[in-house]
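Here come two complexes built around subunit A, the first alongside subunit B, the second alongside subunit C.
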Partner chain A sequence: MLAYTVRRILVSVPVLIVSTFVVFLVVVNSGDPVANFATSRQPAPSKAAVAAFARHIHADQPVVERYWNWITGVLHGDFGPSVQSNLDIGHDLFTRFRVTVTLVAAAMIIALLLAVLFGVFSAIRQYSVADYVITFVGFLFLAMPVFWFAVLLKQAGIRFNESTGSQFLGTIGEKSPYLDVDTAWNEFTDRIGHLVLPTITLALVSFASWTRYTRASMLEVLSSDYVRLARAKGLRRGKVMTRHALRTALIPLTTVTALDIAIILGGAVVTETIFQWHGMGEMLVQAATTVDVYRTMAWLLLSAVVVIGFNLVADLLYAVLDPRIRYD
Partner chain B sequence: MTDIRAHGSAGTEVPGAEREFTVRQRSQTQLVLRRFLRHRAAMISLVVFALIVVWAFIGPHLWHYSYQKYTPDNSQAPSWKHPFGTNASGYDAYAQVMRGTQTSLKIAILIALGSTLVGAVWGAIAGFYRGLVDAVMMRIADLVLTLPLFAIALVISSRSGGSWYWIAVVIAGLTWAYVSRVVRSTVLSLREKEFVEAARALGASDARIIFRHLLPNALGPIIVNATVLVATGILTETALSFLGFGVQPPDTSLGLLVAQAQTAVDTRPWLFYIPGAFIIAIALTINFIGDGLRDAFDPRQQRVRQ
Partner chain C sequence: MRAHSSALARGITLAAGLTLVLAACSSGGGGGSGKGGSAGLSSCGAQGNANTCNSAPTKSGGTFTYTLEKNIQQWNVQDSNGNTFENGETLGVVLPQVFVPQPDFSVALNTDLVTSATQTSTSPQTFVYKINPKASWNDGTPITADDFVYYWRTNNGKDCPPPPASDASQTKGCLPQSTAGYDRIKSVTGSDGGRTVTVVMAKPFSDWKQLFGAGYPLFPAHVAEKLSGATAGDAAHMTAAQMTQGWQYFQKTPPSKYATAGPYKMQDWTDNDHATYVPDPKWWGVHKPTLQRLVFKVITDATQEPTALRNNEVQGIYPQPEVDLVNQIKDIPNVTYTIGSGLTWEHFDLNLHNPVLGAYPALRQAMFTAISIKDIVSKTVGQFDPKVKQLGSHNYVPGQAGYQDLVTSTGQGSGDLTKARKYLTDARFTGVGTALKSPDGKTVGPFNCRYTTGNQIRQSECQILQSDLANLGIKVTIKPIGAADLGTVLTGHQYDIIVFAWVASPFPSANAQQNWVTGGGGNYGGYSNKQVDQLVAQAVGEPDSTKAATLLNQADSIMVKDAYVLPLYQKPTFLAVQSRFVNMRDNATNVGPPYNTAEWGLKK
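Now for the complex of A and B:
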């Protein structure tokens, strides 16, 4: 299994290089930061200043050379120059990554728990009223735009705070800006309060489709021979469901979870914008608005690494879930 | 194929009874159509979706307010004069939602058509020729699949200047690879069928086999995927427009309308709920239609929507 992991990581390196090169070409050609610099400032900068700016952000170099300098720089921890002076992209990225990780992890855990719970229930009670309700709600959430739901939740949170006279549900930022949060406990509850609404928003992005996957694979497993055998041997229903059926039924869900991580990161951009978090979402939006090539690339590189990492973990989890799968 | 008839005993022809036991011969298309027509949720959805499309494209020509003309009424609640109310600057929300729906639908449909066309041909060629062609084409498709749709679309379309077809082209440029994967896997099994061999024996060219034999037979998965892409397309475009990276004023889209109304959820709720409801209605009906089509094309697998 260790050899397999190492091999997979080695294989993903060329994929990452080709993929980031294509993305680099796309990002470099999607905007002109130098023209942006020359036209958007008051008073208009001198020709020399524009040339110096172009040199500073490496816009004067050929694109292949730029890519090479960038990717080798990243290996040394240098993520390249930002169009904003005094912005260290590497530091910015990792500060924001910590903020976003909390949100994404919380949302994924909640979405997975709900998906397994509702999916399994739906499958066991196939064609019952509960099954139809869960299916319909699933369809509804599949069709629900994240931003619309997020604005609704935010409004509901504000109303909740007004009616209870508390500030528990934070609707702006990942923590309160003022410092009456003196103790560690207060800071913890403050952060949890700010986490609630964005987490629900982001969890609902994937909850619906994951529920449907769980239901489908659970139905398939429930009609298989080994589950019938386990029941025929006289094992209790609960035990058959959890130990025999659910374990196998989770395999497709692992794949989908890993594949959906890119969608969740996209959802995080929207969620963070609405709840005004200073996370990676805000970073991408700012980078795109200011035509900041290296800042955009830093975001995309990290997201690519996360996606590859998740796919690897999913593949390793198969072996844990299904004893028939062995890697060597 | 011949009709399967149940004859009366000893060859006695009884017209009425014969009609009773006759199974009419139906073509593949008729069978699919019949199964789809019996799918109640899909049929209702199709009617609702068709009504929305007709309303969004014909409505603006009949309605007496334009989406970009001020009316003297500011911030009015829905009434007979303004069925969806007006916003703070006096725009008629009914005209705006109509225009927004039209733009969002145009983008979503262009995404579905564009990426289906490119993806289907790409996948069919790769699956038909196999070998080196397949390997190269599919590696390119895999590469596109690794790109995060929303983030890349956001970065590229920030420079689009808000023209609707550019947004559609950007999103379609990132979604076609998925279609090509599906079509390739279908074509891989189709190309081994006897009818392809027969066509080749009759001297059909590669192009003819691909476009006249393989693609029409892969139509089921292609159409199902196209409907799913309309839903993906509308949700992606509205999210981009919401963040300010999609459709730009003076034009409008459902996402932009929600963005403009997000501070007025309490004071002018009609501005926020109505465009949102239209996005949900379009995506929901499209998903049901896709579901019905999937069951109609592939009745062996009554699988649930994924």
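Now for the complex of A and C:
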């Protein structure tokens, strides 16, 4: 297992290098941040300031040299200069990653639990009223645009606050800028209050697709010969479901959730924007719209590492879930 | 039938929505103004009270949270990188400036900082500033001529020059946002123990009131001297390296970390989130803040601001208005708002590098005359602000002392097709109204009209232009510009016609020099007229502001005839605050509504 893990990590290095180089070329050629700098301010910056800006972001260097300097810099913890003066890209990256993880973690756990619970229940009670209801709800959330659902939730949150005369539910940011009574408990509840709405948004959207996977996978397993055999041999229904059927049914869900979580960690762009969590999604949007090459690359690098990492975790989980799989 | 019903329903809904908005706007733009006391922001639409509307006495306490639409990475607003609206708003609360731009676009002397600022001689042009004897930084160091000397020397482009090309980090030098005026100063000297500052100009400068302020406040020289190892109180002898150290320090350091001199002090700054201010007990000024706390909260998506206001997470917002946004605010109880006319103005520019557009002034005049600005306004911003009308100047906006409507009388922007066609036939163009050909028989166009992608208003503006110019036989294709590509398109002259916005200024000479003079930094379309160059240069050096305005207007008349840029309208601005707070006003200049935070407070 260890050898497999090391081998997988080593294989991912050239993948990272090639993908970052391709993206670097694309981003460098997608716009001209120097021209933007020269035209976006009033009064227009002097020629000396424009030249200094170009040198600062290395726009005066050949692309290959820039890439080489960037990749070697990253190995030393230097993510390169941003078009935003004074922005430490490394610090920005990890701060935003923490914000996104905070936003996503609870939502993903809740979504996963709900998806497994309702997916299995739906499969066991196929074509029952409960199955139809769960299926309907699943498709409803699947079809619902996040930007719309999140806005509705915000309005509901505001109504809740107005009806209770409190300000428990926050609609922007991860916490209030100040607390009237600054205690640890108040800070905790303030943070929870800010997490509720974006967590529900993310959880329900992810739950919708995952519950469909669980149901489909569970149905397939339930109709397989070995499950029928287990039941025929007189094993208890609960034991068959948990020990035999569910374990197998979780394998495809593992792949899907691992990839989904990795992608969401790269930035739940819409949710972050609507709830004003300054996470990875906002970073990508800002970097792209300002043609901030090194900031885009930093985002890409971390996102790629997360995707590779979660894929690896998914592969390793296969071995746990399916005793036939061994990575030797 | 179903589609028809749906379209009908949408149409009725839209019409009802628009009717409501128009009704609200025509009543003065006020939401619920609360019970009694101040009339709220709804009174700000009336003529002549922009600087005094929404006034009322305040009582102690309360927290007011105002929104910033961008994070602040760079804290030196005097630097070309740090020159952002949000930075100016944030620093203006804690750092002093001599003249402060007001809501009516005039400038007012900040008597908390200087009791007088007068021009004592015109040859050489000399100004004397008398510093308020009580004025001091909150670490106890008095504000003196040394702070003015430091300001001048870091901003004149000579004493602290830009970083050399050999500096890989590009941090070893000063890059001021503008050296205008400071590069014309001969000397800045102190007397009366540093409490009188005398500035002698080497060359006259008409916009002298923008020196040492107008959105670009003073930084504490003694802080820069101390950290760079320079002699205290001797900014006149600081080396370039020492000044660079100070410059860099103020770039990287939020003002919570050094001595400031405002009604509030910044208590803390949380990157990408908020700044918290509390009243500064050392403040000597006339208006003592009554708020317990002032917060500037970063909300980078304007569409989220109304819900934040409704949920009482913020108490004041200043976004770009749109129909939906105005509607949302209207529905929030106990919120007062105003739609104002800002300094930002929308315009069509022609690229004179295009050989046909560059060669025939008559063609340009005809194009501008065929465009109906009335149509453009009614189909765009007029939907939520019926006050918007055609702008008649390239340098001033209505309300500024120098404003003269020089455009309307020429017929430009009128949509007068007869007049437009006459320009063309008189200049021996053929195919007018069908397929226009120049006097030498070449097909005119097709031209592209470029706008920033996603900007629905500008897309509509290009579409109306397309339809208007088709009446002359000119084909126009509409081509969006990528969100990050406006700069590339402008500097690379990758357009025939482009629509975007400029920000006018209480000090228009510098803008005119940049935008209209041959080779100017903002003259992207390649306009060149020696007479205009001469008149603008004279205006910049004219000590009398009335004469300077006359010169600029003379230059503008020539520009209008040359038909290079067609001003469309002033973009509306929008300020909404909870009506339990008072003394906030729409200040569309570079200092923004926080120009008077000392007066903000809970209504008594």
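Structure notes:
As a convention for this text, the second predicted complex is superposed on the first by the 319 of 328 C-alpha atoms of A that agree within 3 Å, B and C clash if a C-alpha of one lies under 4 Å from a C-alpha of the other, contacts with A are read in each partner's own complex, and residues count from 1 in each chain.
In the analysis below, a contact is a pair of C-beta atoms (placed from the backbone, for glycine too) under 8 Å apart; a residue touches a chain by one contact, two chains touch by 3 or more.
Owing to the predicted nature of the structure, the values given are computational and were not obtained by experimental measurement.
Contacts of A:Thr289 after superposition: both subunit B and subunit C are touched.
Shared-chain residue A:Asn36: touches subunit C; no touch with subunit B. Of the two partner chains, subunit B is the only one touched by A:Leu152; subunit C is not.
In the superposition on chain A, A:Ile109 makes contact with neither subunit B nor subunit C.
Contacts of A:Thr171 after superposition: subunit C is touched, whereas subunit B is not reached. When the shared chain is aligned, subunit B and subunit C each come close enough to touch A:Thr273.
Contact with subunit C, but none with subunit B, is seen for A:Ser46 once the two complexes are overlaid on the shared chain. Judged by the touch definition given at the top, the superposed model places A:Val307 against subunit B, while subunit C stays out of reach. Once chain A of one complex is fitted onto chain A of the other, the partner contacts of A:Ile325 are absent, as it touches neither subunit B nor subunit C. In the superposition on chain A, the residues of subunit A contacting both subunit B and subunit C are 30-31, 151, 155, 273-274, 288-289, 291.
Residues of subunit B that touch subunit A in their complex: 143, 146-152, 154-156, 158-159, 231, 235, 238-239, 242-243, 245, 255, 258-259, 262, 265-266, 272, 276, 279-284, 287-288, 303-306.
Subunit A contributes residues 30-49, 51-53, 55-56, 84-87, 95, 151, 154-155, 157-158, 161, 167, 169-173, 176-178, 273-276, 278, 282, 288-291 to its touches with subunit C in the complex.
Listing the residues of subunit C that touch subunit A in their complex gives 63, 65, 71, 73-74, 79-83, 157, 162-163, 165, 167-170, 173, 175, 177-180, 251-252, 270-274, 276, 293, 295, 297-301, 304, 307-308, 310-314, 482-488, 490-492, 502-503, 505, 510-511, 514, 521-522, 524. Within the complex, the subunit A residues that touch subunit B are 15, 18-19, 22-23, 26-27, 30-31, 135, 139-140, 142-148, 151-152, 155, 209, 212-213, 215-216, 219, 262-263, 265-267, 269-270, 273-274, 284-285, 287-289, 291, 296, 299-300, 303-304, 307.
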